[in-house]
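Down below are the structures I want you to see.
Okay, so chain A shows up in both of these, paired with chain B first and chain C after.
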Partner chain A sequence: MSDQLRSFFGCGLDDERTFDLDDYGDVVPRWCSGCGDHGVLNSVKRLMRDEQLLPERTVFVSGIGCSSRFPHYLNTYGFHGIHGRALPVATGIKLSRPDLHVFVVMGDGDCCSIGAGHWLHATRYNIDMTVLMLDNAIYGLTKNQTSPTTPMGYATNTQPKGSFLPALNPITTTLGVTNVSFVAQTADWVPAHLLATIRAAYRHSGFSFVRILQRCPKFTAPLFAEQARTPDLHEMLIHPNGVTVPGLDKIYKRSLEHDPADIDRARALSEESERVRLGVFYRNESQPRYDDIRHLPTHTAAQNIERLNVELDRYAV
Partner chain B sequence: MSSSSPVSAVGSEPTECRESVPKDVIHTNEHVLEIVSDSGEGAQKCGQIFAAVSAKMSYGVWTVEIIPAEIEPPARTPASASGNLIRFGRDRITNWGDEVKLVVAFNEQVLLSQHRLDALADDCIVLIESKWSTHSDEEICQQWKAAMEEIGESGYRIIPVPMEEECLRRVDDPRRGKNMFALGLLAQIYGLDLEKIREQIRAQFAKKAPEVSKSNCDLLELGVEWAEGNLDFRIEIPRIEVDEPRVVMNGNQAAALGAVASGMEFCAMYPITPATSVSHYLCEMFENYGGKVHQSEDEIAAAGVAIGASYAGKVALTVTSGPGLALKTEFIGLAIMTEIPLVVLDVQRGGPSTGLPTKVEQSDLLAALFGQPGDAPRVVMAPATIEECFHAMITARRIAKMFRCVVIVLSDANLGTGQQQFRRPALDERWHAAPPNHRAVGSDERPYDWDPETGLSQRIVPGQPGGMHTITGLNHDQDSQVDYGPEANQLGCNMRSRKLALLHETMSPPPIHGDDSGRLLVVGWGSTKGAIEEAVDRARADGHPVSSTHITFLSPLQPGLRDIFERFDHVMTVEINYSDDLDAPHITPENRRLGQLAFLLRAQTLVDVDCWTRVPGQPLRPGQIHDAIHTKLSSISEMETTPA
Partner chain C sequence: MSRMLVTGNAAAAWGARLARADYVPAFPITPQTEIIETLGGWIEAGELDARMVTLDSEHSMLTAAGAAAATGVRVFTATSSQGLLYAMEMIYTVAGWRAPFVLANVSRALAAPITLEPDHNDVLAARDSGFLQLHAATCQEVLDLTLLAYRLSEDEGVRLPIIVNLDGFYLSFTREPVQIPEPSAVDAFLPAFDPGGLGFSASRPVSQAVAVLGGGPYSYFRYEMHEAARNALAVFDQVAADFGDRFGRHYSPVESYRCDDAEIAFVMMGSFATKAKDAVDQLRDAGQAVGLVRPRMLRPFPDQALRDALVGRRGVAVIDQNLSMGLGGVLHTELSAALCGVPNAPVLASFVGGLGGRDIGASEFFAMVDVAREAARSGMPPVPRLLYTRSELREMRKLQGIAAAERAAAGQPGDGA
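What follows is the complex of A and B.
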């Protein structure tokens, strides 16, 4: 945000307040025990504490689903809307109020199925917001239906003999969109990496898309159990411009040097691999941002009336 | 005029002679003319300039656009007809009238399309491009012949005009500019102020090279000269100078200007006919003044983006038509549940589904009132004139903000694309909303602190310190906490509904056109007002005790309706939407499906309201409504004289 805007909205000036974790919310979430969403919530609170975000200037927008309860557990402004449509709402908020920090929390059904059209276009708009896609590979709140990211063969209530088709890959999909500017992947069971990744996303100027692999103990436990306890099944993407967590390489020993500026390699790395790759796939702050381009000054009533009178002259009889 | 052929000898030969031909002067208080061409030949522009200039000359004006649904349908087919109907005259004009008295047609096929609509008066004067009659393509000559035979059965006075041949004297491509020649013809026939036309042409082409204006003005002169030298008539309509400042525009322009005048700075939309031009006008203005039009990826997103902008402190607008309104259904429900102010402008077209994209209908009323699952109270209002399109946006914005609610404004294709003049609005700063609030919120303030009497509550918007809360489409309590309890749900429904009762208290009954009581009351809503009132005036002139009333607020429904209805023996709505005719096969009073307003009024007033509705894809004519009134009156008399 420019200094001019900052002073117009009167924020960030002489604010003596400091905020602790609890200032960002102390409600006990109604998620199942063992749900990966708890860990994401903790990391998000830490991020806000570390960045000392003003709670009143922070908005969390969500859709519908387990993960979309997120805003209710935070002491910021929140907008818990309708299924699949968090991104249009967030777009409207950021376009009319560039002074607000906008976060979007969606699930895999929310983002990749019912809201897929908005996902594609929001990626292209590249409006400055942090987008967390909590991917548990299942419809949880409606109780165990196949989602676009459910692996092929995995049985659910709607496809009891196993999911018919290969799962949609949200990373390759996002990387395929023109004007994409930030794509990363992390997992709820690697909290340090999770926090570092959403911090990088928050600090990125533009639309930052983070897919968070998230355990669902009720419906997809077998999908994640082995993965979560086996560091060797992961491959960390490391680079000075990506995410580096000091000490993490002692546990997660497999790593790959990847410069996030390289989109071709990012696309190649996002394809199916033996190991789950965590890190920043792509990052490019020079992509045009729709909210920057579309920022037009607004005017006082008196100014508008003066201009409208000129306009009415064109229609005068 | 020869009795064997409808084609008049006058003007059939191109002439170099520019001597004036003596004129018969037709004196009349008003006239209806139509200019129609293949799509892309500029008849619409010609019509728009004609209408604007006649309005500037203090004539009353109403125009209807003739728009094909495709951009470039096959030329020389009835489907290609594109143009403008203009009714203008000494007095205020409120509708498109009954019959077209003069047509300028660029080919015989588009003329045929208008002829087949039964829209032309028996003695209509037809000025038609003559080149097709002697075209080198034999097929075209045959088509001309066949068309002329079909048309020949009528009593039109047909005057061939060598438009293209004449235009070629000044320009290389007569397809571009024939419309200005036609405008010249009309200007001479009706005695329009040429300097005002030139001004209008220069304004239209202001963004193009100066030669474009120049060549258009040249063609205009050419048309004037040709008419002067060849036509043996002109039409004289008296004028009454008005001393109030006036503007002339179409309803979509009026709505866009109204939106800006109301202080709405944000419009999210997705292209849809016939609503899109609202956003075109807004884009142009906002680029100059600030404010944003966001073209979304779809209709749903447009509603979502507008809601997001409203949530963050503005009152935003989304503009659509029937199919788009259907797509926005869920988001409108969310705005109602979360009490986010939102203005939805629906420029109605024919439905269901894609229906009649460019043509008028009033079929979205019940969808606008009841489109959401669950109980979803909202305000629905319908402007009846172009002027009301302007003011409706200001009223809508104010109601949306004050009552934290959704306001759906139902305009239609007739209002949206028709032009009329009206008193220039005196802009007022009080129409604007205050800027977003940044005051700190006290610990005792709650996001839905409903006044139990009124349901009203103060909105807390992001940025206000201490006001943090999460809004949700789930049922919630005063603190915006999710609450599925029986009492909380009842309370939420009560509070959202109560606001409409409060708004209802501020309203007045609709005025009555004609006597306060009588035998028949005609009830309308939206763009049909002018035609209904003209029909009622004619019926009253025939000596019938008929009156009409026109409803602006459909939700909450304006007060006093039952009282008004009870002062009349019979009540009948007139609407442009579907209803079964009672004499149609299988239709009985029990299974008959009613016009949408009639359905609503019966439910709300328990009065036995009848309806007369049609879905012709065009505005209703005063003559049609007059006939319907007569039919209704005779059936009432018949019923009364038949022994039970």
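What follows is the complex of A and C.
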């Protein structure tokens, strides 16, 4: 099959290659040991292996930060952008090459601080991409400054007596944006849930936003240490249309039935609570997608028909 | 007065502290972060009576800085590289507000590709904005120029914001002994900010920066900024003389090092010029009449001082740690304009070096002297050159070979296969 046709049909079709985990990247990442980013990378590779994504049809776009080193560790296309601009880069890629799988990896600084304007608009545009926001509640790469998601009172180099303001809640924020279509929360220390959530996000058609609570043992260890070793501090949102991980309920016993179609309840559940809620808050594939409405075809219809005919002619008897 | 071993970043923070900055809007970026963290630490510890606010980006940081200065308080802020560029819209805007304050820029080369090490393309992007520019080569200069900058910036005839530039890593993270002046001595040199017509007053409400103008009045105000910037040449001399009297350290807009009888001069800015000084010493030891001319001030452009320093030399090697794509080195271009038509002007040889923090070795300085001498002999300016060694090129070709092989193995386009 010609490259153009493969791009016309999407990926995977008629491709005899198979990919194992290492085919998606075997570089040893330069994150600190114990950093939650390692686990996210592993889950992402698993997803790609399970879905047999073609590396040349997959793009990872990032901004700047520890988490934004992601594309360096994958054998897919990568775009290490500039701080805060991952979403517009991804938008440009997806609109001109709708055949590509677009993943976006951002830190809490990237997404909620310097790039926050894009976050709002990208959510509303609802262009098909999988967005992973790795939230370690700190500016990691620049070494320990307060970010919008740093909890109030937590001391950093810029606010040594503790962050002055309540932390921004990225889930409520995203759920408040018009035309939002997918919002989920997971944590690097629950690998099975992490993988299932990333998979659900990947399969969602539209802008899927996943906040991943991410341990940074270097700068925010106390924020996550107890949480990560205490299943009882979590509450799993479960539903047939959400993520369900068989067996996980043996460990994470507290759960809450939540239908991700219910936006009002999603908003209510996203407010601060005693326990950290993991799962799909909201999912709605019927929201309009900018890339659907304003799709810029890579070829004209006539060109596509002509190519299709050439290809079909090969099978003529 | 005390002598302390501090980094260039800490020296900038000391400058802000001694200037008694009231307000410090901040946003972290390598290699600048130490400046705001140092100030943040002092404020939290009660050693500095100022307000610091960390904002969501450099764009809002510069906006807040300009607006605060326009209310009549003394403002200090700091950034670097991508941060300066991200704030560029406000760099132009706040200069037009005629709001005086000091911005420390810790030079770092720009994306793409990404690097952390210094060159001057970041600060040169602000060259035409209305911000004045002072470039430091040592940690002591970082502190002193910050204090001078406040006096200059707040002067009635100037009223423009100023960038004090220091090179990332080479200066920002290098510890040098620095004389920290007594606060009372600094207070005498730099009294509290007199905002003049600026400022908020309940009894005297005025709107600022609201007008949309036609070309005529617009030109008037833009040219007025230019003239204010030119005024800064004379004001700098006065302010520097006062500073010299009080603190014993004398600053001219252009430093000349071993230039008196120099036939050949290097022209360079920033901390890399200290490498040129070393080379000058070695060349002098070998009997060669070579010196260094280093503009501390880039805006306003000290054209007369540069003419004074350079006319009469036989050859000049201008080393630009920047690159204006499609033109060449910026300093070389500006110097050429300053020397154009001047009798006895030396022939200029243009070199671009130190991009992305690439080192400039002594042997390269020696080779540049040879090129400048030959140019002086023939009267012909040589072709501009990039400082790049054969072994660097070999290494680069090797990397490109590896990349091409990887691409070919992956069957990706671009391998020519």
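One rule holds in what follows: the second predicted complex is superposed on the first by the 283 of 317 C-alpha atoms of A that agree within 3 Å, B and C clash if a C-alpha of one lies under 4 Å from a C-alpha of the other, contacts with A are read in each partner's own complex, and residues count from 1 in each chain.
As a working rule, a contact is a pair of C-beta atoms (placed from the backbone, for glycine too) under 8 Å apart; a residue touches a chain by one contact, two chains touch by 3 or more.
Not measured: the values here are computed from a predicted model.
> Once the shared chain is lined up, is A:E56 touching chain B (first), chain C (second), both, or neither of them?
Touch partners of A:E56: chain B and chain C.
> Which partner, once the models are overlaid, touches more of chain A's residues, chain C or chain B?
B
> Determine, under the contact definition given at the top, whether A:S205 touches first (chain B), second (chain C), both, or neither.
Neither: A:S205 stays clear of chain B and chain C.
> Determine, under the contact definition given at the top, whether A:P160 touches first (chain B), second (chain C), both, or neither.
Touch partner of A:P160: chain C, not chain B.
> For A:T172, decide between first (touching chain B), second (touching chain C), both and neither.
Neither partner.
> Is A:Q145 touching anything from chain B or chain C once the two structures are fitted on A? First, second, both or neither.
second
> Examine A:T244 and indicate which partner it touches, taking first as chain B and second as chain C; both and neither are also allowed.
After superposition on chain A, A:T244 lies in contact with neither partner.
> Taking the superposition as given, does A:I82 touch the first partner, chain B, the second, chain C, both, or neither?
both
> Just chain B (first), just chain C (second), both, or neither: which does A:I114 touch?
Second partner only.
> Determine, under the contact definition given at the top, whether A:H72 touches first (chain B), second (chain C), both, or neither.
After superposition on chain A, A:H72 lies in contact with chain B alone.
> Counting contacts the way the document defines them, which residues of chain A are shared by the two interfaces, the one with chain B and the one with chain C?
56, 75, 80, 82
> For chain B, which residues are in contact with chain A within the complex?
Residues 55-56, 58, 203, 245-249, 253, 257, 260-261, 263, 265-266, 268, 285-292, 294, 296-298, 300-314, 316, 330-331, 334, 421, 424-425, 427-429, 431-432, 436, 438, 462-474, 482.
> Spell out the part of chain A that touches chain C in their complex, as residue ranges.
56, 64, 75, 80, 82-84, 113-114, 116, 139, 141-143, 145-146, 148, 157-161
> Given the complex with chain A, which residues does chain C contribute to the contact?
So the residues of chain C in touch with chain A come to 26-30, 33, 36-37, 40-41, 44, 52, 54, 56-58, 82, 86, 111-112, 114, 410, 412.
> Residues of chain A touching chain B in their complex?
That would be residues 9-11, 54-57, 59-61, 71-72, 74-82, 85, 87-97, 99-100, 117-118, 120-121, 294, 296-299, 301-305, 307-309, 311-312, 314-317 of chain A.
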